[in-house]
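Order of writing sets the labels: A, B, C and D. Residues in every chain begin at 1.
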Amino acid sequence: MSQNLKNIPVVAEGEAPLIQPVDMESFREHNRKKSKTLISKMMTEEEAVDRFVKDGDYIGFELYGTVRCPVSLTRALVRSGKKDFRIAGQGVYEIDLLLAMDLVREIDFTYIGLEVYGVSELLRRRVESGSVRRIVEWSNAGISWRFKAASMGVPFIPTRCMLGTDTFNKSSAVAIECPFSGQKVALLPALVLDVGFIHVNRADIYGNCQIDGISGFAFEMARASKNLIISAEEIVDTSEIRKHPGRTIIPYYLVDALIKAPFGSWPGEMTGLYERDEPHYRMFIESQKDPETVDRYMKEWVLDLPDHQALLDKIGKNRLDEITLKK
Amino acid sequence: MSQNLKNIPVVAEGEAPLIQPVDMESFREHNRKKSKTLISKMMTEEEAVDRFVKDGDYIGFELYGTVRCPVSLTRALVRSGKKDFRIAGQGVYEIDLLLAMDLVREIDFTYIGLEVYGVSELLRRRVESGSVRRIVEWSNAGISWRFKAASMGVPFIPTRCMLGTDTFNKSSAVAIECPFSGQKVALLPALVLDVGFIHVNRADIYGNCQIDGISGFAFEMARASKNLIISAEEIVDTSEIRKHPGRTIIPYYLVDALIKAPFGSWPGEMTGLYERDEPHYRMFIESQKDPETVDRYMKEWVLDLPDHQALLDKIGKNRLDEITLKK
Amino acid sequence: MTTTYTPSELLICLASRVMEDGTTAFIGTGIPMLAASLAQSMHAPNLVPIFEFGGTGAILEKLPLAVGDMRTFNKAVAASGICDVMETAQRGFVEFGFLGGAQIDCYGNINSTVIGDHARPKVRLPGSGGANDVGSSCWRTIAIMRHDKRRFVNKLDFLTTPGYLTGPGAREAAGLAAGTGPYRVVTNLCVMGYDKKSCRMKLLSLNPGMTVQEVIDNTSFELLMAEEITRNEPPTPEELRILREKVDPDGLYR
Amino acid sequence: MTTTYTPSELLICLASRVMEDGTTAFIGTGIPMLAASLAQSMHAPNLVPIFEFGGTGAILEKLPLAVGDMRTFNKAVAASGICDVMETAQRGFVEFGFLGGAQIDCYGNINSTVIGDHARPKVRLPGSGGANDVGSSCWRTIAIMRHDKRRFVNKLDFLTTPGYLTGPGAREAAGLAAGTGPYRVVTNLCVMGYDKKSCRMKLLSLNPGMTVQEVIDNTSFELLMAEEITRNEPPTPEELRILREKVDPDGLYR
């Protein structure tokens, strides 16, 4: 060890306090206790939410509402009555369901909107009224890299993004001078979720998961979640998984609960299986514009339905067939 | 930006200077200039080494000599007469070929040996005589994480490994107090290779690559290489790649040269295709023990062969059939 | 075949023409998708579209509706995830990036986060998304905006995505990669670039029927003028044909 | 079926018995592979073998020859890469890890780098490989060593892999994860653990036919003694049968 250790200059600091503290030791302890035995994790959406989510939890969803999203789980979460969530917010539609019921208090924010349809009126209402109490800003990659830091088991990760902007100033990032190159980089704190929700193409009953096509930030978020709840379009025999172990993106020991949810991403799309239900999505966007119509939407499409099967029955086989991709 | 910026304490520093400087800006400039057009990268081992390797280059190999290793390329490199390499050394057999010809001057070291057969006598001779001039120590994950930092485009990456040891003291790592958690972490400098060599199961002519089974550190090293030379067991039509884009581990724009090399990993194994040639490997280990016998081995199995086809002819179809996996 | 065209079609054609063959481009939702698809069919068959959630080198046969949807990796050369793609940009592999937003200033800085105060906003907008990353890492960014004084402002309410920040040298001083920054702004009125020395926005060319005065009247800050201000060609019949028949046959963006 | 056995077979059985069912174990080349495979067939059917280059949860039907070979992910639940696996350990998912080396000290620190001076070594050894990572991240490490004074030393020539470093609290002070560290040392003479308070190596149990004095005579540092020093059972007929018929039918490690 050298004697003349130079300190590393901090050149800028985001002003927001951390919504979720960085504590890699308790994350390690938690992970040590998770079962490593191959046991079935199968349960219903309701049971998973009941067992693994508490009021005030910090939660996250992957990918986002119109694409491979655990929406059947989101509906169960909304129906559960649990509340006061802190969230990592990248969201389209699924976060809106939570905002509609006023369940969100703090957001590590990157994007909540309606993509080509613009601004979420639900977000506007909840933020502008102050019912979402705190918003901390990040870039989209920034949030994913924060999951990546957690997935690596390290307390932060460097990036060259966010520097020089208000996005940085309203974040909890710290910018330093690199001790190797002198260049400035932003350090992003690791983000460990209390509960992560991910929807996948297929899994075995233990929770070994495969995803087709792009993987979004599923790899990183799965590894950054203390409790991980997975919904899958299809449950396959474990021998199918073991035939192609290179395709397992989420291994079973990460998973706490597994739900079989065909059309679990509806009204979003699912790679290789079905397209997004554009008319329904547009109807929801239309309903957003007025608190009363959105309440009716939530009642009809979420609250009055006991479970995912009831939703599928309501959508109807004809409509599901229409959005199903032809081989 | 806050006014009272605290510095970050450096708590320990490895004493070794960097073998390869950290310069992410020149890496970016290099990457910008690489062709993004779909053009064939097909050439011979000899042509690839001739065009993309210079004396004194910093080079790396993936995975390692007995497993999915670009050994046909290593032989071409040895035959080329190029020399004075700096290397990232994790190696079994392939690095020995370089050491046998005394081509290595500096090593970012993690493991060079013979696995269950113990210590490499070639390594001992070159290091103990001082002909390898400098060795900087790292852990195995440490070297891979250094590639990962480069693959992310950032100048360093944190880890909780290496702390408290001589491995750290004889490295170029820096240990700091985390600004978010106060915990101590080691920062590992990004490692950008002048030339990376990787062997894959299949690729299209543009260099879109797939690997079966474990991927070692191919993902990270491919993205950390300024010049990337790939050998592949099989060249497939690009439509095969585009059918399963999720399986592309190395996209074409990273690749500078692509060599069709069936049995390119010999005497190492290749997932799904052939087993390692254990008798040959043991013969090499035996030859190591004496400088004269290893010279004979190098002459017979590397130097006197004009190219990879000559090697395959020398091994003979019968032997190749014997090590080929039965479906 | 008619030579009349919609304002959207003009924007798409102008954005399309900026992209160069044999380069990579980060594609966001909406107009950039159509522009990239049009460019692939016109002058840039080797344009590589990159989508933030993992799609690289897709063949854009059907118009994507979202940056993560199946069409963004249709017959793609790779489908990975957001980290891989954003790190690819961070390593310098992505030439062009598209940006949009509620406000832009003379240095090409963009606001897509809030109007008003951050803690108590008048309007909460959708946030950075990948915009900050694109604006930080891509070599050249192209902003597509509606042109009016409320959008082309003297001072942003919030600096979401970096342009040239406070001017020459500011990006490098903040730690952003050398040689990167805003390149073009495409609007319903004109196409603008940036002055090399001052890094300030500069009018380059006018859309059909527009005047310099109209541009000035719709811009809050002082706009520099190119030595010679040219005219943007309207969409050609060939561009319109491809746009309508191949790129957007359902007329979603007509 | 005979009850005679080789020294290797004894080591394999002793190492196997240390591992617990329903846990994860980082497996290195050689004896740990056989020990894990034996444990899977005996008391630990739910032992999850993890190999540093990416294999997780393989069914060890054939003995791997290398930590990256095909058998390390034979019918595995996942086959990823070294970063994923080492990060999984860094996140606290890996309970056991095996270590070997040329020298070990009383705190379980291990040298596998050099004998003599680092710059001009008398003997250059293969280096850390994954050992430092295993010793840093796994909850409990098991060293397998040949027992003699040149290996069980007062002072290491080089500290490659962290044991308890300089004693109580030293790991945490250096930044290593809380609650981790050396757990057992299995040798041809005995099995040792560590004293909770002092973190020093402690004799727990003797191999068949060995005496305390023999262990002391072959250890350079002062070894602590458990209150009751027990006897290690020789390999049982069942262990030997599985070892010889299933785990290593070719007798590579006989």
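Just so it is clear, a contact is a pair of C-beta atoms (placed from the backbone, for glycine too) under 8 Å apart; a residue touches a chain by one contact, two chains touch by 3 or more.
As the structure is a prediction and not an experimental result, all values here were calculated from the model.
Among the remaining chains, D is positioned farthest from chain C, on the basis of C-alpha centroids. Centre-to-centre separation between chain B and chain C, using Cα means, comes to 39 Å. With centres taken as mean Cα positions, chain B sits 36 Å from chain A.
Note on chain placement: the centre of chain B and the centre of chain D lie 28 Å apart, centres being C-alpha means.
Multi-chain contact residues of chain D, defined as those touching 2 or more other chains: 55, 73, 79-80, 83, 90, 137, 177. Among the residues of chain A, those in touch with two or more other chains are 11, 24-25, 152-154, 159-160, 183, 185, 213-215, 245-246. Shown here, the protein chains touch in an arrangement that is not a line, ring, star or fully connected set. By the contact rule set out at the top, the touching chain pairs are A-B, A-C, A-D, B-C, B-D. Of all the residues in chain B, the ones that touch chain A in their complex are 1-2, 5-13, 15, 18, 21-25, 149, 152-160, 169, 172, 174, 176, 178-181, 183, 185, 187, 189-190, 211-215, 245-246. Within the complex, the chain A residues that touch chain C are 11, 63-64, 66-68, 89-90, 92, 109-116, 118-120, 123-124, 127-128, 130, 135, 137-142, 144-145, 148, 159-167, 170, 175, 183-186, 213-220, 269, 271-272, 276, 278.
The touching residues of chain D, when paired with chain B in their complex, are 29-30, 51-55, 65-70, 72-73, 79-83, 86, 90, 109, 113, 118, 120-133, 136-137, 156, 158-162, 165, 170-171, 173-177. By the touch rule above, chain B contacts chain C in their complex via residues 24-25, 27-32, 34-38, 150-154, 206, 208, 223, 238-239, 241-243, 245-246, 248, 251-253. Residue ranges of chain C in contact with chain B, taken from their complex: 21-24, 46, 48, 55-57, 59, 73, 75-80, 83, 87-93, 95, 137, 139, 177-179.
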